[in-house]
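Okay, got some structures for you below.
Two complexes come next, and they have one chain in common, chain A, joined by chain B in the first and chain C in the second.
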Partner chain A sequence: MAAKLALALLVMALVAAPEILSPYYRSLALAILADVALAVSWAFFSGPSRYLSLATGAFFGAGAYLTAIVEARVPWPLPVLGGALMGGAMALLVGALALRLRGPYFAVFTFGLAELAKHSLIWYETGVTGTVGRLILAPPEPWTLYYTILCLAGLAVLTALALRRSRWGYALAGIGSDEERAETLGIDTTRVKIGTFALSAAFMGAVGAAMAPRWTYLDPQVFNPFVSFQTVIMALLGGATTVAGPIVGAVFLGLASEILLLKFRYLYLLGLGLTLIVVVLALPSGLAGLLRRSSPSPLSSPPAGERAG
Partner chain B sequence: MSMKRREFLKTTAGGAAAFTVLRGKAWGQAKPVRIGYTLSATGPYSVGAGITQGPNYTLWQEQANAKGGLLVKGEGRRPIEFISIDDRSEHETAVRFYEKLATDDRVDLMLPPWGTAMNFAVAPIANKYGYPLLGPTAVSNKIKDLQLPYFYALLQQPDQIMGAFAGILKELKAQGKISKIAIAYVNDLFGIELNASAATALKEAGLDVVDVKSYPLGVKDLSPVLKGFKAAGVDAFVGLTYPPDNILATSQAKEVDWNPPVWLAAVGTAFPFYRDRFKGAEGVMGIAGWNPKVKSAGAKEYFDAHVKKHQKEPDRWASAFAYASLQILERCVAEVGLDRPKIKGMVDSTEFQTVAGPIRFVKGSNVSTPGMVGQWQKGEFEIVWPKSLATGTPVVPKPAWA
Partner chain C sequence: MSPTLVVDIVVGGLITGGIYALVALGLNLQYGLMRVLNVAHGEFLMMGAYLTYSLHTAWGVNPLLTLLITGPASFGAGLVLHRLLYARVLAGEAAEALESRSLLLSFGLLFVLQNAALLLWSADLKGYSYLAVPLHFLGSVFPANRLVAAAVALAVSLAFYVFLQQSFLGKAIRALMQDPEGAQLAGINLSRVHGLCFGIGIAMSAVTGSLISMLFELTPFIGLPYTVTALVVVILGGLGNVAGSLLGGLILGLVETASVYLAASDIRLIASYAVLSLILILKPSGLFGR
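Then we have the complex of A and B:
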């Protein structure tokens, strides 16, 4: 009961935030919510399936650049929808090719995807349109962007919760603990893997599309490998096999890096690195592991397959 | 025992220092003028930010505070306090911090971050909250499209830069010193815009380009391009480069034993470390904007002060414009105070005399500084084009690579 009340209060606070907060804190909340959406959608695929994806930057970048291309010609939130479709379609294609690969091979392949997308885009823009880089001259209002990102983060969390209770989620966890056994048991592993990968990529594309208007100018450098790594770090920091983990990780990392950045201009990277090392050493199951110890709930416990395995 | 004594001394010294600071504050005559900005201390933008902008910001602050502060109309001198962070070369971080500066810290003035994309990202915020932003490192033909009244670009833009390139090449061709021009450009916005401007400018000058090659940002090997140009008998190399590829091309030209009479490149050539890296880089040409020999008032003093404070020379292109942007703000604040719409009014309507020469803005673009070409000659980056501003005459063919 208390948990439900707290959740209701949190949702109300997030919805009311743009009214209460100054533009800076609203932007900080927006950036953290975007990270929450990325980390949660990364974790609902990579957590149970144990396929380490470094393609977040590619899907995010694709969505962002799409917004820059269609800017002003289509009303909001169509670019976000387009970004989701774009990310999903890319993931279907890539998944069909790459999800046969296991372990480090899959990670390396997905890491290369952002570079591939970047250089394809440069080739296209220089060869066909004759310019690289686009301006977004009429961005949506800041509060529009805030609510778009809030919706995406909320949807990502709901999707993650729904997934882990579904047969599909169990199948994914089964793939994670032993893919061959899962296949023998009659699970269509290819379909489950590619489907979830595409769903997670759709969220990443949508988040990219929704964040793009904040930067006015976009060029192919938006396919940034840093986004991929940061997402993995946030999810692992919080605990990748739970739903609460990536949320806690994104909020913690977002707040910690902002505070360190503001207070210690020259030492913040050192501080951030030390914090990460301490957390990883002291809490091998992530920050969410702390929550689990005190109160078991569907938000903070690993999926059924994980417990059985 | 000795440890304890050291601890004791430390504490005492710390206490004394804190006491002095507190006293200083208590006795402080005036509230500081708070000026906010971000500069990249980490990430890909940090090199340029650390050469062209950062040193000039801190130099200016130190100089002003040594005089008792920034002269504010009607209030006397007030010390300058900087509020800044490392934007990590991330647009999102920069955007958020400029929002913080405007709405949370409510700073008196803002200074721009480094680089075209960063300036694009934060300019709408500065504009929204009415902060004049004078950008010394924003180069793009797209700046006009932004139409942000509070944003100003000090540096020469692609059309002006390539106009100067075409000017000097045309004259050298008329003198029979070159005949075959080839261009290599980095295929991001900067290189592509310069290349587009080059095509127009060179055509207008009646010059033929025998080959044009592009290469990606972060390229690791340019020797095939250089060998191709060498085989084609190119005698004027034009590189529309960033610093890393500029340095790569220069070192590889020597490796493939190619020394064309004209070696002309874009960003990086004007950095003193380029000169030092290539043992004087005698005869190498590049985009220029300034050197300590120019006739503008204070140029030499600026050079000496920069060397004295930072133990390194300012670069010969944008550094002086970064400093000039601060001189412009300083003069406006002295004449109209910290009322920002009034500052904007003055920036719009005044021709400023700066260390980088006269600067006047029309619709946010500096129209007083023409495109310039420089050439390293005996340790100085002499301006060799246009003739009206020249501090030296071009040496063509360039001497062999050192």
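Then we have the complex of A and C:
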């Protein structure tokens, strides 16, 4: 009961935030909510399936660049919708090629995707359109952006919750613990994997599209592998097999980076690396695992009791 | 295509390829033996390059002699890192979980090393000039330092290959690659060989870095592109296949140089990623895989 009350209060606070907060804190809340959306949507695929995706930066970048291209020519929520479709479509293509690959192959393939997208785009923009960047001259109102991101973060959390208790979610966890067995048990593993991967990529593309107006100038550097890493670190720090874990990780690292990134950039990033090492060595189930010792670890042991059958 | 262009592409490709082969060999040794995909591999190259740069500019040490420092120093660092980080993860884990966790560890390492270098040397371009004299070869011109760097890289790679084929330790390494359990039953100390190989792999990367510092200007960000290239080479030649890495490095060097000469320089990364995708999709065991 108390938890439900707290949740209701939190939602009310988040909805009311743009009215109460100063522009600085509203922008901070916006950035953290975007991180939450990314980390949660990363975790609902990579957490149970244990396919380590490093393609977040590619999907995010695709969404962001799409907004920059269409600019103010289409009314607001449409670029976000377009970003979602774009991310989903990219994931369908990449997934069809790469999800047959297990372990590090998949991680490597997805990792290269952001770089490939960036360099292909630079090549295209300089060679065909003759530009190197795009200006967003008429961004939507700040509160419009805030509510867009809030909706996306909320949707991502609801999707993660729904997925956990669905047949689809059990199938994904089954794939994570033993893919061959899952297949023997009659799960269409390809469909489950690619479907969930595309769903998570759709969120990433939408978040990218919704975050783009925050920068007035965008160039292909928006395909940033750092986005991929940061998302993974956030989700793992919190605990990737829970829904609360990635949220906790995103809020924690979002605040930390806000406070430290500008003042001590290199030291902060160095600390981020150390954090990842410590999490992998000492906290295999993340901060959420500290609170709930019984929760399964994302990458070291198969999620007990969540096997598809 | 004129004969000079052919010489340009072939010799240029072999020079680049020789360097790629050495980086890739180190990466492959780590992966083939302990399933550790070390994405921080290129960061050790970057560190080696900066070490040579600092030794050369501060004390005037000959860049080629610095190999005798960067090699052993990075080997030691590799031993320590293996003991502190990877040995813990490697102990008693299911294969797939192990690969993901060691991958994440090396991502952490990547952040640490890159930002440590940024703190130590800043993001400004650093460089020096060494052996930048033109050599004429079959009607084409190549800088002497490139030829020297490629020759050293190839010599080290070949020496390692012979070591792997002939020496007792080399045989132990190959035995562990083929059948870890059987090799341990025959009395090979798994953890010790792992540590040694991790050190050797990192030393190869750092030595390549020392060589590269003679050729290009340095930033703390040069590591990652080499990691990506090394990954492409390793996957091209087959994970765990040492001879495959050597050949794969040379092939990728030729492909890249040809694409730069025949198309455009910004197509280079796209070309290597296209090669990677094709191999992963068509033949994940590599060109020379069984």
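What we mean here is this: the second predicted complex is superposed on the first by the 265 of 309 C-alpha atoms of A that agree within 3 Å, B and C clash if a C-alpha of one lies under 4 Å from a C-alpha of the other, contacts with A are read in each partner's own complex, and residues count from 1 in each chain.
Just so we're on the same page, contacts are C-beta pairs under 8 Å (C-beta built on N, C-alpha and C of every residue); 3 or more make two chains touch, one makes a residue touch a chain.
Only a predicted model underlies this, so the values are computations on that prediction, with no experimental measurement involved.
Undergrad: Classify the contacts of A:151 with the two partner chains as first (chain B alone), second (chain C alone), both, or neither.
TA: neither
Undergrad: Name the contact category of A:266: first (chain B only), second (chain C only), both, or neither.
TA: both
Undergrad: So in the superposed three-chain picture, is A:276 touching just chain B, just chain C, both, or none of them (first/second/both/neither)?
TA: Only chain C is touched by A:276; chain B is not.
Undergrad: Under the stated touch criterion, which partner chain does A:211 make contact with: chain B (first), chain C (second), both, or neither?
TA: first
Undergrad: More residues of chain A in touch with chain C or with chain B?
TA: More residues of chain A are touched by C.
Undergrad: Touch test for A:22: chain B only (first), chain C only (second), both, or neither?
TA: After superposition on chain A, A:22 lies in contact with chain B alone.
Undergrad: Check the residue A:256 against both partner chains and state whether it touches chain B (first), chain C (second), both, or neither.
TA: neither
Undergrad: Determine, under the contact definition given at the top, whether A:31 touches first (chain B), second (chain C), both, or neither.
TA: Touch partner of A:31: chain B, not chain C.
Undergrad: Kindly classify A:236 by the partners it touches after superposition: chain B alone (first), chain C alone (second), both, or neither?
TA: The answer is second: A:236 touches chain C but not chain B.
Undergrad: Report for A:98: first if it touches chain B alone, second if chain C alone, otherwise both or neither.
TA: second
Undergrad: Residue overlap on chain A between the chain B contact set and the chain C contact set?
TA: On chain A, the residues that contact chain B in one structure and chain C in the other are 119, 122, 126, 266, 269.
Undergrad: Which chain A residues qualify as touching chain C in the complex?
TA: 50, 52, 97-98, 101-105, 107-109, 111-112, 115-116, 119-120, 122-123, 126, 225, 229, 232, 236, 266-267, 269-270, 272-277, 280-281, 284, 299-301
Undergrad: Tell me, which parts of chain B touch chain A in their complex?
TA: Touch residues, chain B against chain A: 41-42, 84-86, 88, 91-93, 95-96, 99-100, 102-104, 116-117, 120-121, 123-124, 140, 142, 145-147, 187-189, 192-193, 196, 214, 216-217.
Undergrad: Provide the residue numbers of chain A that touch chain B in the complex, in ascending order.
TA: 22-25, 27-28, 31, 119, 122, 126, 130-133, 135, 137, 139, 211, 214-217, 219-221, 261-262, 265-266, 268-269
Undergrad: Over in the complex, which chain C residues touch chain A? Could you list them?
TA: Touch list, chain C to chain A: 31, 35, 37, 39, 85, 88-89, 93-97, 99-101, 103-105, 107-116, 118-119, 224, 228, 231, 235, 264, 266-267, 269-270, 273, 276-277, 280-281, 284.
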